[in-house]
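You will see two complexes here that share chain A, one where it goes with chain B and one where it goes with chain C.
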Partner chain A sequence: MKKTRKLIISVGSMNALSSILAIVAGLVAGFIILLVSNASQALGGFKTILTGGFSDMFNLGQVLYYATPIIMTGLSVGFAGKTGLFNIGASGQFTCGMYASILVAIKCSFLPNPLQCLAALLAGVLAGAIWGFIPGILKALRNVHEVIACIMMNYIGMYLVNHLIKVTGIYDQLKNMTMRVPTGANLPSLGLNSLFSTATEQGSVRPSSVGSGILIAIIACILMYIILEKTKFGYELKSCGFNREAARYAGINENRGVILSMVIAGALSGLGGALLALAGAGRGIAVVEVLAGEGFQGIPVALLGLYNPIGILFSGILVAYLTQSGFLLQRLNFAPEIIEIIVSIIIYFSALALLLKGVIKVFFQEKDGTGDANKEDGDGGDG
Partner chain B sequence: MEAVIEMRGITKTFPGIIANDKINLDLLRGEIHALLGENGAGKSTLMSILFGLYQPDEGEIFKNGEAVSVNGPNDATRLGIGMVHQHFKLVQNFTVLENIVLGVESTKHGFLSMDDARTRVLNLSEQYGLSINPDSLISDITVGMQQRVEILKMLYRDNEILIFDEPTAVLTPQEIDELMSIMKGLVAEGKSILFITHKLAEIKRVADRCTVLRKGRYIGTVDVASTDVEQLSEMMVGRKVSLVVEKEDAVPAEVVLAVKGLTVRNKATGKSVVNDVTFEVRAGEIVCIAGIDGNGQSELVYALTGIRPADEGSIKLSEEDISHATVRRRSNAGMAHIPEDRHRHGLVLDYNLAYNLVLQTYFTPRFQSHGFLRYGEIYSYADELIKRFDIRSGQGGRTPTRSMSGGNQQKAIVAREIDRSPKLLVAVQPTRGLDVGAIEYIHKQLVAQRTGGAGVLLVSLELDEVMNVSDRILVIYEGRIVADVSPKEATLQELGLYMSGSKSNVGAGVGKEGPEV
Partner chain C sequence: MDYNTLVFLVQQMMFFSIPLLIVALGGMFSERSGVVNIALEGIMIMGAFTGVLFIYLVQNAGGDSLSGQLLLIVALIIAAVFGAIIALPHGYASIHMKANQVISGTAINMFAPAFAVYVARMIRSVQQIPFNNIFWIEKIPGLGDIPIIGEFLFQKTFITTYLGFLILAVAWIVLYKTPFGLRLRSCGEHPQAADSVGINVYKMRYIGVLISGALGGIGGVVFVIPTATTFDATVAGYGFLALAVLIFGQWKPGRVLLAAFFFGLMKTISVTYTSISFLNSLPIASAIYKMIPYIATLIVLAFTSRNSMAPKASGVPYDKGSR
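Now for the complex of A and B:
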């Protein structure tokens, strides 16, 4: 018992446990909502939520397709978070990245195929990086809070892109959105779409929208993990995030850390936009006055993944999985919005992860904390 | 004399730790009873139980011979138990009077009636010789005055058992004298005092009896008059401790630190917090900056180490001008820094011990190549330091720093800074909050650095430490160096006068802020 208790209280497992608790709480709440809205179908509906994404290869493919951009924005929020910055600007960075890659993909059709795609990806990364750089440099030099700067950059990005779409001649007036990206510029699907596909009743094959984008997202997660955990640069960034004063004391250039962290975060979001634009599923930017939802979904994904790049990979897939299950709920005459409620509740609980950690601690440590009693004694002279 | 409070067989366990193990304590009416023990000995837990913050697992508490249960601070107040916490619980922008009545305000038809309260407070302050001005704002009065307000708060609530939790930590020698006489006055009026401390000299001065705890266990209760300081410290630590730092005379060599006209201004007010400071530190000597907290010490150290820029003046580290150098350059040029606040500056608590031990050197070729950290090297280096400096840590280099005790966290910082063989070691309150054993250890390390040929700049608020360790004392007051004395010639009283500004000092100010009647 003592051993298990120790294991549970160890930091890593406690973090994971709080995320799992958040998910379970969200699902339970979702079940209650299903019961309220249509009791007779509730069990079936709940089963759909749990298994929908796995029900066939097509659905699984769609899960991975939806997961790709939100993994990237989640990674963006998480990476900045490790440096102690709250990158709420993933939305603007995402939009700018998406726009830049669509623009390059359409305008640079003279390039040979693989180069065209690569140029479009790079353009997305670059645009996102610039959109991250601005709040970063404002924070470093003028101590402007990154949340304020990021929110403003979100709106600037959205309106600017809406304007630029029309000016730069990639506007499709009929659909009120960007033109389709030429097929040649799309990311190679590497056969993933036909791997994740389902034979329809008519005998034809229905491929999913997944492509090599998900592989790039996975590579990005691994890369960020290595940077954060294995390199000197990551050590410096995390020092700034954990304890800025101590970083300054140790002679770490925190301003450089802040700027670079925001640039990398922006680049990740921008890449997310590019991956969605070049996925070959025909997604473009609609010219409407709405901030890109993928950017904000990155925040819960990062929270649920506890800012850990590998955790974010899985939480991104989970959120996408629930979203896909939500589409399937419609078959049972449920509103697909129910799934958004469930995702919101999970997010809500994951945002309360700290509190849940406290609950776990109390549950396994009896009523009053050891830590506090001894700390008071041990650190009596501090403060 | 009968016992007002008896605690019998108090046991309190927290998972994995027995904080109090069958502890007995009896407090007689009209006595000052000291509770002595190292950090973590269980003093705070025991007092928290008496004050109702924790419930004991076993044992009973008797008030005037009757068993009572204390379920919270409100119960404690009802039983007449009051406590002056180490960190005062006062509302900064309330007046003295408002703070005293806070929580027990007397009202008429829902409106405050402060006049009755004022009369009572003035009567109490006269009766116990605690002169205060009831209309001063807390933020305007000295720390010693604030402590009086805390004492008056207890008296206003008719408490007869007064707990003082390390009350002298924040006071000047003069203020300590006054506190001691106030305490004696209180017991003369029939109050009983529990006095928590780890300073032996103070126990000898005021306490009648002393109960010693060690690692949660009751060691014994002794009559203070017939016990000497060495015996008390042995009871507390469990072994003989040398209270005096043994060192040979300093042999100052070349200048390692030359500070000239250093001025640091407060950004908001433009007021000079460090004002035209000039001094030198030579290799092979320990120079101590003594002063009351908040007289510019922190800012001076920040400017010296580069954490914040100086506004005027120059700093030379053995001939190299580092007035405008970055923290990293100063550190590479041979400056080591044991910071004032180990949690704020000294450690990244979310990193493990090994990561913290390379905080100043992680970028050197030994610990990284091509930007990748060399784990093997980092952890073997950590193991080496842990062994050499006897840093107690459960899981070696992988111990979460946050879980370590204050003393061992400080040892880790000292190890890290000393192992870089600095030319100049800046140590700011290196023994703050540590127990006798750890203090002894850190003092030895400082002296060893000096003897090894480094210059040591020690910033300390503890006069015992200042007198014991240093070779030369600079006293800082309101950002200026007001004295440069040798510890052999200066007396504690003299230092105290320098520290408080002048001989007709304001800081301890008896009577000066007296009530206007």
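Now for the complex of A and C:
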């Protein structure tokens, strides 16, 4: 019993448990909102939220498709966050990356197939990196607050891309958005879309939109984890985040750290834009004066994942799962915004980790009866 | 540029600058007390939503007990109250729970628009809330006839413009000329020192967050009223821009005003350049004009940010035990 308790109160499982408690709290709040808005449908609606994403292979595929870009922007926010920077500019970096990859995909049709896709991906990464570099260098050399620089870059990117779409001749006037990316430039689906598909009642097969993009996102998560946790470079970046003065004292070039961190964060968001543009689902950039939502969704994803690349992978899938359930919820005449309310409440409760950890401690101590686990541990340490 | 164009520019500029000014001043109270308030966007949306919803409900009920400017004033009060209410959880997380202040702020930014759409759909089955915009003032009797000043400030306007200046004056006096302001600022600079002389840091920070919520809520209505006739669960990123104005203004009321005017003027030029013959004749694409406010802000910041005046303890939870 003492062993289990120790295990539960250890730091890692404590974080995981408090995240789970936060998710439960968000879902309970969601259920209450469903009850208030339409009591008779509430139970069915709640069941849809819980199981909608898993209800069949098609829905599961859509979950992975929606998860791909927000994992990337979440990774972007999380990576910068590890260096103590709040990258609120993922939206602009995402848009620029998406534009660059669409442009290259359409204009470079002379390239052979795999190269065309690769060039488009690289263009997205590069454009995102440039959009991250500017706030980074402004922060490092001119002490401009990265939040304000990123906000400005979001708007500059959005207006610039809207302008460039028309100037560079990839504008589809009828749909008021970018032209479709040629099929040859799309990411290979590797059969994932037909794996995640569902037979319809008419007998045909309805494939989902998932492709190799999700695999690239997973690889990116693992790569970022290795960089942050297993390399000297990652250690330097993190130490800048923990304590900038101490890092400088230890001989770490903090300016270089800030710039590189923002460049990598921008590249990750840009890759997210490229993955969405090349997913083959026909998503383009609509020429409207609205900032890309995927960039802002990256913030809650990163926060829920505790800025940890592996955590971000799972929180991205969770948010996408709830989003897909939200689409299905419309069948029961509930507004899909309920999902955003639930996610926001989950995020809020994850901020209350202190409270949740207190609850966990109290719960597991009282069960034991004696109720003083910390003291016992402390005594052991002294002896 | 002729005189009439200048008058037109100043009048238009107010519509962009005043909401930024009010919300940034709100953010200032929060940050000067030591709590970073990234939730301004969500708070603005909440304020705009409740205020506009109130106007819609009153106008639809058809009663004439509440009309004209009085209706707007009541809507502003309601927006302030709901802005403060939605800011309260942010205060609780940041102050009592010592949470990462970005997280609870993000949660509110996400919650507010979703909540506004959800409730609007429950009431009207669409997410837009229309209102009859009867609050425009062609000319204020008396004041509007003063030469020059009257034209610039008292014609073609909304009462919200004067509310903005009033809030600025009050904010300056409260922050710098009252014991309360001194205490609030001390909590943002060095809470341990403040606590050691008997100031209740928690209470001060709660007050800071609540003021920012109230002003943020007011700012939401002030943004929507002059520029639209429906509310569509968005304030077009003005909460984030207000945050930028606050940083640009170095957390000081006077400089926040200048920053709000600077940004407002740039924004005005970017949307009205077609009616300014000199600018319209230049061979510059409209997209470039739209980018001007943001590029100009970045450039100005690059030359003025060397010595940041950010409150030292802003964003750092206060832990009594770590004194």
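As a working rule, the second predicted complex is superposed on the first by the 340 of 383 C-alpha atoms of A that agree within 3 Å, B and C clash if a C-alpha of one lies under 4 Å from a C-alpha of the other, contacts with A are read in each partner's own complex, and residues count from 1 in each chain.
We adopt the following convention: a residue touches a chain if its C-beta (ideal position, glycine included) is under 8 Å from a C-beta of that chain, and two chains touch if they have at least 3 such contacts.
Predicted, not measured: the structure shown is a model, and the values here were computed from it.
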{"item": "Touching partner for A:204 - first (chain B), second (chain C), both, neither", "value": "neither"}
{"item": "First (chain B), second (chain C), both or neither touched by A:291", "value": "second"}
{"item": "Touched partner set for A:88, first chain B, second chain C, both or neither", "value": "second"}
{"item": "Which superposed partner A:156 touches (first chain B, second chain C, both, neither)", "value": "second"}
{"item": "First (chain B), second (chain C), both or neither touched by A:173", "value": "neither"}
{"item": "Chain B versus chain C as contact partner of A:300, first or second or both or neither", "value": "second"}
{"item": "Chain B versus chain C as contact partner of A:230, first or second or both or neither", "value": "first"}
{"item": "Chain B versus chain C as contact partner of A:245, first or second or both or neither", "value": "first"}
{"item": "Contacts of A:344 with chain B and chain C, given as first, second, both or neither", "value": "second"}
{"item": "Greater chain A contact set [chain C / chain B]", "value": "C"}
{"item": "Contact set on chain B toward chain A in their complex", "value": "12, 14-17, 19, 39-45, 48, 54, 86-87, 166, 169, 305-307, 326-331, 337, 339, 341, 343-351, 355, 359-360, 362-363, 368, 371-373, 400, 405-407, 432-434"}
{"item": "Chain C-facing residues of chain A, complex", "value": "33, 37, 86, 88, 138, 142-145, 147-149, 151-156, 159-160, 162-163, 167, 289, 291, 296, 299-300, 303, 335, 337-341, 343-345, 347-348, 350-355"}
{"item": "Complex contacts: residues of chain A adjacent to chain B", "value": "5, 11, 230-233, 235, 238-239, 242-243, 245-253, 365-366, 368-370, 373-374, 376-383"}
{"item": "Chain A-facing residues of chain C, complex", "value": "38, 89, 93, 97-100, 102-104, 106-111, 113-115, 117-118, 121-122, 237, 240-241, 243-244, 247-248, 285, 287-288, 290-291, 293-295, 297-298, 301-303, 305-308, 310"}
